[in-house]
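Next come the structures, one after another.
Next come two complexes, and both contain subunit A; in the first it sits with subunit B, in the second with subunit C.
Up next, the complex of A and B:
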């Protein structure tokens, strides 16, 4: 019990929950978001996005409830929860699965970003070289501990603020009538869009892993919700911006609508904004891949305490580099993306509520046995 | 250990130099591309590039070498249509040719009649080129136009770009790659583009080319018709309209504000009704002193009103006859109709009824009293 508590010097203050939650949701997928979400619901996609945002609030409530209850029994993170609920054998198997999921997520973030770099800026940039240097960067961040990662998330949020103003550039080209007629789609279309939007909202579930690192977790609750609301607001803005600037036919032809929109912005010295924007996106990538690497290395330590976290980290970064180099083409990246979104969707909307119910059942059982 | 690693990481900063770079003095930066169709899926492609090595003002920070160092400024070759000229012209390029800063793309009428589909798709797919370049139709030959010399010393690409840019601030509706792609990929809308023409040592903007999907079907001539089209497409505030009150008696209305509003009735019926309300606010810039009436605020105002109304309705009927929709009436009908039937719209479009309602408000008539 005692050894499980995280030393206060490694913890972060409650406000940081906001930066981490919102930062881990807005990653590389946001650049594809507009064409993905408008595929089915077309001009009504913003309804789906709004509903999805509210859905994430519900899931967050489940997560916080689960973790808060768990404080009475042991360390409130998913690895310990698995072990307590299902015993050490099955629990560790589940932990392995969840580590694989997180690892795949981190790999996907990096590889998808390299893909964008390759397509838009440097066709001859080798994924291996970039991933290797980037891994070194990630290594310095993660070895600094969770506080450094939080700092990276904070900076990420600050750095992204100017990008919100970029949206004002659409006004000269906006066709607001594209949003009409409102609510013209069936529930089936809306829910299809909702499910597709979910892949962009994923990421906030990583609070399952870093919750013990938040000081006074009760105070962090509202910041978690604010983080989710901020993401929902961002996505809502983006959906409307995409619908108003492009039309549906055009959105269907575009892979990265956000970047295509940036393509038409220019400043006196910067003729094409997307060149700045894509490089800027590195600040989004650093904290997210770091968090993934941190979760994976920490998970490995929890499963097999023999392996020290720093060795697990190095091993993961080597794998990260290797997999990034192995993945060569867009179909492979898209395949992994689809896989992750599916797993993530069920993890967040089915598995987490299930865990909460299981916890409740366990509690009843305990009460009866006493 | 960690310190050592950090120090070892410093040289990595220099890896940035290992990527391919495009130094502006060492490349030919394509700013204009011209395509002339010569039949059988073949085009003559022409490119022009600005010449940075040439002369330069003396004392301007050592700018440029001597005039003899000037680089090539244009090249042309025959290729199949829809192909990027950059690769085709590489054997002709003195230095590496890059298309990243393309400003204008010119097509002659034959190419537009043949169809622009491949080029539009290529432009949508290509990450190198921005979205604010102008696609322009040329009356005559685009190779001629690009390789001639003009009164101005600035490169012809920028001459064309500036010319079109300033006109689109005024009477001409905005049309660049972004809007062409928007109208091309949008359902039931058709793109349009400005037309330029070489006249001795000038370039003149002569009208607007109307495209059905990607093919030229007709044109609007002059700024007057451009103004009318613009009132239906966007809200704007720098245009001017020349109203002929009686032969030889002109009044020029300079608009300070124009806005439009649409309404659609029976959008899914066989003969939909489209109502456009255009509100023009403007002041009289030049009134002929010999005008038969001095009553600007009633007679002239209503005169302009009914003339614009008639002209708008006539213009749209013309579009319907050509079966082309640069205004995007199909898209407007979609916006204002629940469960819009998009499939049958192309058949219903020629039978749609377009009603314009124009409100002209003359705000001021200048700084002298009318006597």
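Up next, the complex of A and C:
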């Protein structure tokens, strides 16, 4: 066990769990969030968002419990857990699947951002060129190890703080009557919205991979929950803001309602705030793609210890660039987005509780054999 | 390996060149005109005296040493050692010691010319520059002393400010050929032992042939040599160095360098001036924030101008657009060419100002600033708006108190301008992200470089962007991991301040 332990110089302090958890939830999808979530539940979407937020808290409880128990047996991360639970063969197969999921997630983040850039800023920006430069940036971050990635998450949180105040611009144009009538939708509508909202809440499950890198993990527990609460608060605010600023019909026609809202904000020297906002979003993208790349390259090393993590990283970044260049049409991106959010939903709400139960069963079995 | 063997042989030859006996040494030195070597003859005693007249203060030798040799009761070297009223006279047979002491300006007394048995008498050295006012890091309030080239003077400047026995000075030699004296100074009990050991280790491992200045040493022992940012502060102010020592930092003093090196540091310290500690905390904070704003302005302003005018003219409010168009309408170049030309012009002025003698430099500044500036606008080389931006960003860059950091910041803007030309504001953001990711990885003596920000240390933020009142700064910076974390007892400060007055006029 001892040699598995991560060197303390590579670990981060517990409070950083807050920044990573909340930072990995708020990614590119947030810009679409308002129109996605109000599709079914309409003005009651905020109920779905609230329920989803509470759901993530439950899942986080499961994850932390799973990882904390696992500390007695080996390294508490999902790759090692798979190997211990299901043996080397099946475990590695599952690891491969997880790596694919994470890789697709990272690719999707970048591709979705390039799409926004193409639509709003640079219609002729080549995905290949941008992805190549961006991969280089990701390489410089990930090569610094997990501490650097955490730093990027922290700075991301700091950068985003001013955006919380941007919402105050809404008051002059808000129609709070849009929220009425309350509780007017069936459970089916609400749960549909809830499932659709899940794609924006995903990301926090990556703690399954970086948990061993947190110093004194017991102290990090509360920060994990705070991170989730912060995200829930942000999304709740965003839902209500979308509902009072736009009407439902308008929201249906918009792809990125947040950007449309930013468009209406004027500053003395900046006439169109959404330009700044979109470029600002680069800071959100960097830590998240970095974390994805880190998880993928680390996973490759766990499956095949022969391959060094830095080489796996380079290979992944090349694939990332290539796939971003290949994916051209919007339906492709939409398809992958739908796929990822479905897999993610089941991964988080079904697979993780299953793992916890499996761990419990293993423990009982162990107790009997002794 | 063939080349390695050759290298080894070269090394052996090199060693062979150094004198093996005292006669060789004296023979070699006698060729220099500034080397005095003569036989001293008196009735009772005769000896050989040698010294470098260019190193020692000859007057003091004639006054304090030589007269004693003529006294009747001197018959041997040990008599001299007892009689001369000078402390720390050494007796030795060691040729190497004799050689190095001679080179430092000591006086050597031998009984026989061929025998290495000798006395080493320390002398008064020729004086270098007097202690003067700081010229690079000037301050309006506060002490007006600066380090000089003489190491001993510099140590005395520090000792006067830190009159405690725990103030430790460790001397070592750096440089294969130059053997420069380097002093590692810290306050025992406050400085972290681990830091001290790291510095000691790095000094030992240093492979250079000569060393002239603190900045060279800083480049050689820094954590990342490839970084554009300096990782250790070099300062010419003894008060700043002493303050750093009190915080638990380590200072290196180099013989022949009018700068001390403070290590480890974090990024915010490069933007702190010593004035900040001599004024009320409102003003200190205001000027600090101004300086930090100046850094951001000088790095980004011209790049953002290029980005907006090339790609994002929609960002400009409609009222401003008119005046921008009129100023740009006569300019024939693209915004990027225009910006690069002006930035180069300013850099030229700065470089010319630095290289020229002071009196000429001022004239050049006026000619450059006023004549070239207005002429280039009238000729349609650049627009008025950009001229303002570039001149202001040049001014802003000079507000950074640390020269090496200021030059790093000035150079940063060129890659950002180029990036702005290719990808607009996105390019600016990407370039910025590259620098930030570099800063995130950077360490100073193994401590994170952007420390109060990440890893976040609230207690260290009290003396970074905002300088809190001294009564609230009872702790030493956490990133140094000092042995003694408290500057003073916070409770006692509260007691002395007494309870708040319960009411008006009571």
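The rule is short, and it goes like this: the second predicted complex is superposed on the first by the 370 of 370 C-alpha atoms of A that agree within 3 Å, B and C clash if a C-alpha of one lies under 4 Å from a C-alpha of the other, contacts with A are read in each partner's own complex, and residues count from 1 in each chain.
The rule we apply is simple: a contact is a pair of C-beta atoms (placed from the backbone, for glycine too) under 8 Å apart; a residue touches a chain by one contact, two chains touch by 3 or more.
Every value quoted in this text rests on a predicted model; they were computed, and no experiment measured them.
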Touching partner for A:283 - first (subunit B), second (subunit C), both, neither: second
Partner chain(s) touched by A:272 [first = subunit B, second = subunit C, both, neither]: both
First, second, both or neither for A:122, with subunit B first and subunit C second: both
Partner chain(s) touched by A:133 [first = subunit B, second = subunit C, both, neither]: both
Subunit B versus subunit C as contact partner of A:154, first or second or both or neither: second
First (subunit B), second (subunit C), both or neither touched by A:366: neither
Subunit C-contacting residues of subunit A that also contact subunit B: 122, 125, 133, 140, 143, 266, 271-272
Subunit B to subunit A touching residues, read off their complex: 2, 5-6, 9, 12, 15, 19-20, 100-101, 124, 127, 130-132, 174, 178-179, 181-182, 185-187, 189, 262, 331-332, 335-340
Subunit A-touching residues of subunit C, taken from the complex the two chains share: 311-312, 314-318, 320, 423-426, 428-430, 433-434, 436-438, 440-441, 450, 453-456
Subunit A residues touching subunit C - in the complex, by the definition given at the top: 12-13, 15-16, 117, 121-122, 125, 130, 133-134, 137, 140-141, 143-144, 147-148, 150-152, 154-155, 158, 266, 268-272, 275-276, 279-280, 282-283, 286
Sites on subunit A touched by subunit B in the complex: 119-120, 122, 124-125, 129, 133, 136, 140, 143, 173, 177-178, 180-181, 184, 246-250, 252-254, 260, 263-264, 266, 271-272
